[in-house]
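Okay, so subunit A shows up in both of these, paired with subunit B first and subunit C after.
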Partner chain A sequence: MTLIGRAERRLFGHLGISHHAVERRHGRRPSNVLTLIMLVMLVYFALPLFWLAVSSTKSVTQLFHSFGLWFSSGGFNLVSNVHEVFTYDGGVYVSWLGNTALYAVVSASGAALLAAAGGYGFAKFNFPGKSVLFAMVLGSIMVPFTALAVPTYLLLSKIGLVNTRWAIIIPSLLSPFGLYLMRVYAAGAVPDALIEAARLDGAGEFRIFRSIGFRLVAPGFVTVLLLSLVATWNNYFLPLIMLNNPRLFPVTVGLADWNSQATTGSGSQALYNIVITGSLLSIIPLIVAFLFLQRYWRNGLSLGSVTG
Partner chain B sequence: MARITNDRPRAWRRVATTVAAGAILSTAAAVALPSAGAAHVAKPSQSHAAKPVALTLWSWDSFATPEVKMFEKLHPNVRINVVNAGTGLAEYTKLRTAIQAGSGVPDLIDMEFPEMRTFEATNSLLDLSKYGANAVANQFVPWVWSQTSANGQVYGIPLATGQMAMIYRADIFKKYGIPIPTTWAQFATDAAKLRTADPGGYLTDIASNDYNAFMGLAEQAGATPFIPAGKNSWNINLNSTAMQKLVSYWGPLIANKTVSTDADFTTAWYQGMSSGKYATWISASWAPSFLEGIAKNTSGEWRVAVLPQWTAGASVGGNIGGGAYVASKTTKYPQIATEFLEFMSTNPQSAAYLALQEFRFPTTKVEAASPTFLQQKVPFFGGQEVNRLFAKVDNSVNKNFAWSPFNDFVASSFLTTVGVAMGNKQSNLKPSLQAWQSAVVSYGRRQGFTVGTK
Partner chain C sequence: MSVGAQIRTAPPSGSGLRTARASVPGGRRKKHGTKGYLFIAPFLLVFVVLLLVPLGYSFYISLFRTQIVGGTTFVGLTNYRAALSDTLFRSGLARVGRFILVQTPVMLGFALFFALALDSARLRFARLIRLGVFLPYAVPSIVAALMWGYLYGPSFGPFAQIAHDLGTTAPGFLSSQWMLASIGNIVTWEFTGYNMIVIYAALQAIPSELYDAAAVDGAGGIRTAWSVKIPIIRPVLQLLVFFSLIGTFQLFSEPDIMAAIAPTVIGNAYTPNLYAYNLIFTDQEVNYAAAVSFLLAFVILVLSYSVILLTNRRNKRS
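Up next is the complex of A and B:
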């Protein structure tokens, strides 16, 4: 946590904002109108979640035969639903959760590392073509990932990686926005003088990055890590077209498949309750990650706006 | 949710679990699955090849596995890997991507009737007639066979159908003293009567988001909007007299809120089904087992009747959904693929399994007339022999009804034209029909088809 404090001080110092000013802003009196708007927004965002939680306690019949936003008097079926989620179709849900965790953690760590190294490079080195390359990075932020899914499939199918775990991990390793964020962050967080001093002491460039640069940009690194983690966790279209083997599906594609199986006539398979309960279970890890790491988030989200 | 209809559409099969299947069904199946069924099918074939071969089959679920096992038993050198690569639109998206990439295309694919022309148009399906598929043609119900074949070419072997009927709540009709409608005119009178008697209920829901259901009704009204007219040439008329008759009928009923236009296959709609909000569901032969799954609490109250007719005393039917298995153009084993596809639908053991265990309405004449199948009494329908009723209307489906070669666009543009007008409760739906026709024709021409509009 000291890292954050240090980097924050450094960042704000760099921008000429005193710590005092930052605290004062935090302490401003709340406006009633804004509070009301926030409450309305809270209800707007929390209601679907509440519906999900309530619905996961219902059997299929209860789902379609009781008021949606309150518990059904016909029995509390959360435990049996959870049991069904984990055992249906040979426990494939467990594989899906594991796959999602694997894809998300590996891709997010890789993406954050690459973004940190790339951002540091852009911020601290001058080389021919730098502005062109950076313009390309900025340009690729504008291209939605979904639009690249089919071309990516064509590329990966040429090298035989379609329908493997690599088909999800490799494309997810690139995070142009993360790179942009890290460049901005590194520019502010790593003083040139420090790098100069390390060079005079005889440290190589990679060592400087590893022992000094990386540590100073760590808060930004965590932000990019979280951003990519959520992006990969929720990714749907890429795994949808890349993977054919249900055992390799992440939880998003798997649940969507159960849902369409239920709506395409296998209604008597009673899949609706496990689709809903499965959805609830699948967001718990993300909620936990948010609760523990939200200060990194706040920090990361304001980064661009303050220094941009 | 204005998604493309075939995203969560038409239940083309009626799948139920062994849990839901009643005791009657289980015993019936036991009778119909003689272990010696193998005797019927052992015909000489190239699949007794010396080298073992492996094919991949994309199924919407793992339900193809039992039929595959039966086939493998007779052909020890053939291995068919069943992969659930996705259901409905997800499967088509994947298939299209794989075809584009030229790799990862499976040998055998689960496909709905409405999609077949679309994949045929991109030359992605194997013409099974080159491998002898026409030899089994006369085993199939004629209109069903016409869904997968044209001009002697065969692009799939039909596996299940969705001939239409009116599924209704007998208790509601009885409670309000409403006669079971046999004509559409009477249906409209009944609908008004029910609205007066029960302000919270509707005689039916005509879903504004359901392209396939709308086309089923259009088919019954006598429309043949897509007529192939030679290579890459089509006659398209979504604004024909028959189509206009259809929307002129429903428009006023919708505008007066005599019938509802709720989106189907949504939570609210499921609730309506189990709460008695809708007294009928104009649906198809896959609907009974589907309904059992979502509205268990209404068990015993439902019945199935023949579709109301445009002309009293007529017997004209329609179809919603239904599907086939197809083989990809790129399969390395076209002969074995063809044999397997024929086997699934025509082998007595496999056909019986499909009909009795997986609740898919049979496509072959023999199985659709099998006493075991017809005599099933379904408790959910008050012990009615629902299969017998669906079998009765099987021959009333129009043989000349074809689907467009760009089904996804026709479906999505339905939503933005007729679907929107229905949702807005417009009485005059004809302008939206015209708009749909223009959109489809200009799209077809942009795609390089020669499009006539007769």
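Up next is the complex of A and C:
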């Protein structure tokens, strides 16, 4: 069975819907018109990525003197572009990639762990003030990030953490939406009877969480991990305001920096090729992750939708 | 508060999760209830330190004014009054408002259409299409803006090249006349797939018994989509409108990249977030920037709350 097929079965298993109900909808006559419309739309969504891949094989001169949507006859320069990306300015791009990976992995693991424990706590315990606290968490989804990032910047600068790695990692630990997803997931995935049985056996609450709760919410945990990973990997505003040492930049801020150097044109038009190739290289890890972890993000997104 | 209310009043969409939660025996949980604090404590600590404290601090400094001569003085709501009559802030807000009115319906319309097409099971290459439309979600908004910015560009953008070969000129995608639409296209490209996947998952969760009745009535695919599927997934669509609203009001990365590519068009207050950023880092007006951010948060809060109230009332009526 394929990955997608398994994911589908898992998902519909969770939702209590028999798989054959889904299968029944398959096997209808395909519509050529609908397929054609969707393939045209697919071209639109693929076009920029195709352009990016093609353009990363061109030197700056070729960029300006060949048709943008096809390869240039004047030579295939992908390798020299990649080499230039990795060596330009003392190899700063390598630090950027490393920083992005570090920020994304550390913050996402932290955020997902906090959300998993918190979500389990909200789903499986009744304590005074629970609904008020949860309402506050949900309401905070509406708070715009500037309203947070700006004062956080000011506060962190008071304690000397601005322009350090912590300035990115610490604020990224907050994930109210992650907590919401984990609460929903834990409510469905962890049977109360199991917790009760473990309590009767004399297990402590933390042990129950570690050995039963966390295992059962693991798929939800991976989903929240992935969503936070993507959010931190793609974050731009926070590192833009927190950092001014280029060695600490994540790849998003670094590329934007190269781009403004290229466009202000101060004799550095030569940068276009490394902005383009650097962009291509920066999206490969996430695209690969998405392709291989399809079932997790599909599970997670559908989780959000079903409960919405 | 509000999202919770919306979720609770949302009609059940055939989810087993909901019933699982409802059938929890309440009595036994009380005994262990307060231990729940231990699990939520780490999250709450982060929540207080990274959300409540900064928000409170932001409000606090927004009540002051810092001048080179005279230092910091308490000015009450003066910064808010100034922001409300600040044409730069207001025009940015209005611009984002116009953006939302057009871009959100277009994006969600396409996402809904794609999801219905996938759900109809009458599509060839369904998996390829689903993946291809979703893939832009994995691309950072910075990279999306860079790609489209270069594609739009007059120097080596393919649209300009094609137009040139045809002996004409392409529209000035980066001119002030087209810029908002050009950014709208970037955002649509980035997020249609995400919305599509969420809607598609909701559609797949509809029990097929519901279609049998429609089939008996002789309803065709389009009729079924319109009068069975869309009403059932309405809460999901509302949630997506809500998230789009919040996200779009905070537009920053795309206009910031466009500002590097077309500086004269974007300026320093194209969107409220860009304005707040420039107030701090270009003009050093920290107190005023805090007031602007706070007002933006307030606008978002009021608008999302009214969206929820409005849709909840309609849900109750129907």
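Basically, the second predicted complex is superposed on the first by the 263 of 308 C-alpha atoms of A that agree within 3 Å, B and C clash if a C-alpha of one lies under 4 Å from a C-alpha of the other, contacts with A are read in each partner's own complex, and residues count from 1 in each chain.
One rule holds in what follows: a residue touches a chain if its C-beta (ideal position, glycine included) is under 8 Å from a C-beta of that chain, and two chains touch if they have at least 3 such contacts.
From a predicted model like this one, the values you see are computed outputs, not experimental measurements.
*Asks:* For A:Phe64 in the superposed arrangement: first (subunit B), second (subunit C), both or neither?
*Replies:* A:Phe64: touches subunit B and subunit C.
*Asks:* Given the touch rule stated above, what does A:Ala108 touch, subunit B (first), subunit C (second), both, or neither?
*Replies:* The answer is neither, since A:Ala108 touches no partner chain.
*Asks:* Under the stated touch criterion, which partner chain does A:Asn245 make contact with: subunit B (first), subunit C (second), both, or neither?
*Replies:* first
*Asks:* Quick one: classify A:Leu226 as touching subunit B (first), subunit C (second), both or neither.
*Replies:* neither
*Asks:* Looking at A:Ile212, would you say it contacts subunit B, subunit C, both, or neither? Reply first, second, both or neither.
*Replies:* neither
*Asks:* Have a look at where A:Ile274 lands relative to subunit B and subunit C in the superposition and call it first, second, both or neither.
*Replies:* After superposing on A, A:Ile274 lies clear of both subunit B and subunit C.
*Asks:* Touch check for A:Asn163: first (subunit B), second (subunit C), both, or neither?
*Replies:* first
*Asks:* Scan A:Leu97 for contacts with subunit B and subunit C and give back first, second, both or neither.
*Replies:* neither
*Asks:* Under the stated touch criterion, name the partner, subunit B or subunit C, that contacts more residues in subunit A.
*Replies:* Touching more of subunit A: C.
*Asks:* Applying the touch criterion given at the start, work out whether A:Ala147 contacts subunit B, subunit C, both or neither, answering first, second, both or neither.
*Replies:* Only subunit C; A:Ala147 stays clear of subunit B.
*Asks:* Counting contacts the way the document defines them, which residues of subunit A are shared by the two interfaces, the one with subunit B and the one with subunit C?
*Replies:* Shared contact residues on subunit A: 63-64, 68, 150, 153-154, 240-241, 253, 256, 259-260, 263-264, 272.
*Asks:* Please output the residues of subunit B touching subunit A within their complex, sorted ascending.
*Replies:* 7-17, 20, 58, 60-62, 83-90, 93-94, 97-98, 100-104, 106, 265, 267, 270-271, 273-275, 286, 289-297
*Asks:* Could you please specify the touching residues of subunit C with respect to subunit A in the complex?
*Replies:* Interface residues on subunit C, with respect to subunit A: 1-4, 7, 10, 13-18, 20-21, 24-26, 28-30, 32-40, 42-44, 46-47, 50-51, 53-55, 57-58, 61, 110, 114, 117, 119-125, 127-129, 131-144, 146-151, 155-158, 161, 189, 192-194, 197-199, 201-202, 204-205, 207-209, 211, 233, 235-236, 238-240, 246, 249-250, 252-253, 256-257, 260-261, 272-273, 276-277, 280-281, 286, 289-290, 293-294, 296-297, 300-301, 304.
*Asks:* Under the stated contact criterion, what part of subunit A meets subunit B in this complex?
*Replies:* Contacts found on subunit A: 60-61, 63-65, 68, 89, 150, 153-154, 157-158, 162-163, 240-241, 244-246, 253, 256-257, 259-270, 272.
*Asks:* Can you list the residues on subunit A that touch subunit C in the complex?
*Replies:* Touching subunit C: residues 4, 8, 11-12, 14-17, 21-22, 24-32, 34-35, 37-39, 41-42, 44-49, 51-52, 55, 63-64, 67-69, 114-115, 117-118, 120-128, 130-131, 133-148, 150-155, 170-171, 173-174, 176, 179, 184, 187-188, 191-192, 196, 199, 205-206, 209, 230, 233-234, 236-237, 240-241, 252-253, 255-256, 259-260, 263-264, 272, 275-276, 279, 282-283, 286-287, 289-291, 294, 297-298, 301-302, 304-308 of subunit A.
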